[in-house]
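Common to both upcoming complexes is chain A, partnered first by chain B, then by chain C.
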Partner chain A sequence: MGYLRQVLTICGKDLRSEFRTKEALNASLAFALVILLLFSFAFDPSSEQINEISGGLIWMAFAFAGALILNRSFARELFNDCLDALIYSPVPGSALFLGKALASYVLLLIVELVSFPIFGLFYNVQWARKFGWLLFVLLLASWGLTVVGTMFSALTVNLRLRELMLPMLLYPMMIPALMSAMQLTTVLIAGQDITGDNWIWVRLLIGFDIIFTALAVAFVETVLVG
Partner chain B sequence: MSAVDVAGVWKFYGDYPALRDIRFDVHPGQCLALLGRNGAGKTTLLKILAGLSTAQKGDVKVFGRSVRDSAARGSIGVLGHGIGVYDELSAFENLKLFANLYGLADAEGTARAWLKRVTLENVADALVREFSRGMRQRLAVARTFLHEPKLLLLDEPFTSLDDRSIALLQGVMAESLARGATVIMSTHQLREAMELASHVVLLNRGRLSFHGARPDEMLADPTWLYRQYGEG
Partner chain C sequence: MREKLIYLMGLAAALMLVRNLYVILLGLPDEADQGAIYRIIFFHVPSWFTAFGMFVASGTASALYLARKKQSYDELAVATTEVGTVFVAIGLVTGMIWARIIWGIWWTWDPRLTWALITWLVYAGYLMLRRAIDDPTARAKNSAVLNIFSFTSVMITYKAIDWWRTQHPAPVLSIRGAGGAMDPAMEQMLYLNWLPMLMIAIILVMIRMRQEGQQREIESLRRMAHAV
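Moving on, here comes the complex of A and B:
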């Protein structure tokens, strides 16, 4: 069986399971919307301030809501010892990791794409003026969040306090990617192009994704088996 | 070439040595009963053989390869304490998933054939979470055997099985042995084990107390080995 097919088989299995139960998707979506709703009470939707903090607001919501999806990534394998069944199958640890990361990525993107129009509504923001670039930033930053989160999900899967440990490990590690995503999203929601100094944030996001994907693929076998 | 070669394996949990310098080999076609009291190290050893855990010292080879080698893992079937199937997938989806992961050419056909074999063909599309315990166990047996493994690692396979599942498991194990597969099973149910076992390993507090062909005395008295070499 080809490596890519193994990755897609694991991804398809995770998505099928999730769409059947909708446990992580519903919880994550509800959480993102509640955060956006609560923050909308704190800021005046007509103020200029919204444009300045829009990137930070939306990515805080995505980071918190994303943790719920990422927590479930490996935790869903604990029931019936399914993780063991995957580890002793001939699927390489890296294919298992990438399959699970891809499934979480799809779920996270669904939450983000549903949240953006609601964000626009709550905060009276024309968020889609640079939709192509915004989607590009969303894809890059979400992959970074997913790849680090899935790795920590594997690392914390056997801990009793994994729901607490995952965010504690994930958010400090995500600071460079979240800073880039917040900065770029603020610029794009304001309707500006990515120019000059802002390219450094795009390069930082790309570099973050490449480095952490390579590290995760290299070390996931050790994390899973010891 | 040995089917399994265990060479000086040590495993520690903290400071406690769960396995101490375990050495034995298993030749293709043998059925090895892994015996020992609770806490003797049977499950730890089986986890190392299955590639779920690593030995701190020593080495394990399966058909001459490292257990973490994909080709070696493709030739192993494991039935552990958990059933290893997904509650939110149907019986058919579960078997098709594992048939795909083991790279079988006709994953759907194999899944259907095994559902029939374990008499779950009428509930093929029902979700596993709706299954009774016995049905789940039969599905786990199908998941373990569907890729015709050359090496079977069974951790207390008869524990809490109903009569139907025991008969099914004994049947597929006998078939596997007949086609030349190697079986290593840990068990406390000595009578069932002695019917199939050609060789025995006895562990005592992480140490190898006995390894060899099954003594004939064990057929009449399965606890004979414990009295001779174990804790009595």
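Moving on, here comes the complex of A and C:
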């Protein structure tokens, strides 16, 4: 079986088991909505400044909701020692990792694409004026979040405190990607193009994705097998 | 032997610090713009140097651990990270005191400061992960991988001063290509004060490494006792 087939098989397996129970997906979506609701108490939701902070708000919600999905990524394999079975299977650790990351990526993107219109409705924001670019930022930043999150999910899977440890490790490490995504999303929701100074954020996002994907693929075998 | 070295280094560092304090407080004149408070730079900058040095050592030790799987590298990694975290805290606190006097505020969300805080949190996460894992081999392995991830934030903090034009001053030292921005006598004093601080850091690392080794020994004895 080719490497790509292995990645897709793992990804397909994860997605199938998730869509049958919808555990992580429902929890994450509900959580994202709760956070969006809570924000409305933190400031006046009808004011003009909503446009200036919209990128920050929505990415905070995504980061919190994403942690729920990522927590499940490896933890779901703990029952019946499925994780051991996966490790002993002829699939290399990096393929296992990429498959799992891809599955979480799809789930995270679903949560994001559902949350965006709801956010737009509740806060009266015309979010889709630059939809193509917004999707581009969404794809890049979500991959960064997923790749680091899946790696840390593998690191913390055997801990008693993993639900606590993952966010504690993940959020500080995620800041470059989150910061870029927030800046760019705010610009795009305001209906402006990415120009001049803002390209540095796109470059930061791409650099973040490349560096952390490479690091994760290089070290995941060590973490899983030893 | 090691014991003696620690005491000897401690004594030398103490003597140097006393001498440096004398020169800093009484020998050097006040700075033209900032007055007396600028003297904090002799502790602020060297503590960041020390912290960076510790994190570089820690990252290297973790990479070596992954390559060779020797426990002593893991001991070095945890010792240097702990000491590095303390020196980051010193750097942050001295920076905040300085900022309060010159900028009028304790903290500002400027990229350099923000990254420094992130670095501190990232390494605090590393130390917390270590506490959460009981098995020594898994602990060494997983924390070594996390340490390599963490090192990226150190690199960003180091470069943040160049990438973003910020409220935090740009480099003033000649070694970072800003030649002549700082008075040579003051710059020399800064390096002279770094030496004892680095020595104190090394002493702490040595003590901490010995503790780690002893702790590992106790753990393995305890496991043996359980087995019997």
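Assume the second predicted complex is superposed on the first by the 226 of 226 C-alpha atoms of A that agree within 3 Å, B and C clash if a C-alpha of one lies under 4 Å from a C-alpha of the other, contacts with A are read in each partner's own complex, and residues count from 1 in each chain.
Definition applied: contacts are C-beta pairs under 8 Å (C-beta built on N, C-alpha and C of every residue); 3 or more make two chains touch, one makes a residue touch a chain.
Nothing here was measured: the structure is a model prediction, and the numbers come from that model.
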Contacts of A:20 with chain B and chain C, given as first, second, both or neither: first
Message: Per the contact definition in the header, classify A:79: touching chain B only (first), chain C only (second), both, or neither.
response: first
- request: Go through the superposed model and pick first if A:173 touches only chain B, second if only chain C, both, or neither.
  value: second
Task: For A:158, decide between first (touching chain B), second (touching chain C), both and neither.
output: second
Query: Now for A:219: first (chain B), second (chain C), both, or neither, which partner does it touch?
result: second
Message: By the touch definition at the top of the document, which applies to A:132: first (chain B), second (chain C), both, or neither?
response: neither
- line: Dual-contact residues of chain A (chain B, chain C) 226
Statement: As the complex stands, chain A meets chain B at residues 1, 5-6, 9-10, 13, 16-17, 20-21, 79-82, 84-92, 221, 225-226
- prompt: Residues of chain C touching chain A in their complex?
  reply: 66, 118, 121-122, 125, 128-129, 132-133, 137-138, 141-142, 145-146, 148-150, 152-153, 156
Field: Contact set on chain B toward chain A in their complex
entry: 50-54, 68, 70-71, 73-74, 76, 78, 80-89, 93, 97-98, 100-103, 127, 143
Message: Applying the document's contact rule, which stretches of chain A touch chain C when the two form their complex?
response: 148, 151-152, 155-156, 158-161, 165, 168-169, 172-173, 175-176, 211-212, 215, 219, 222-223, 226
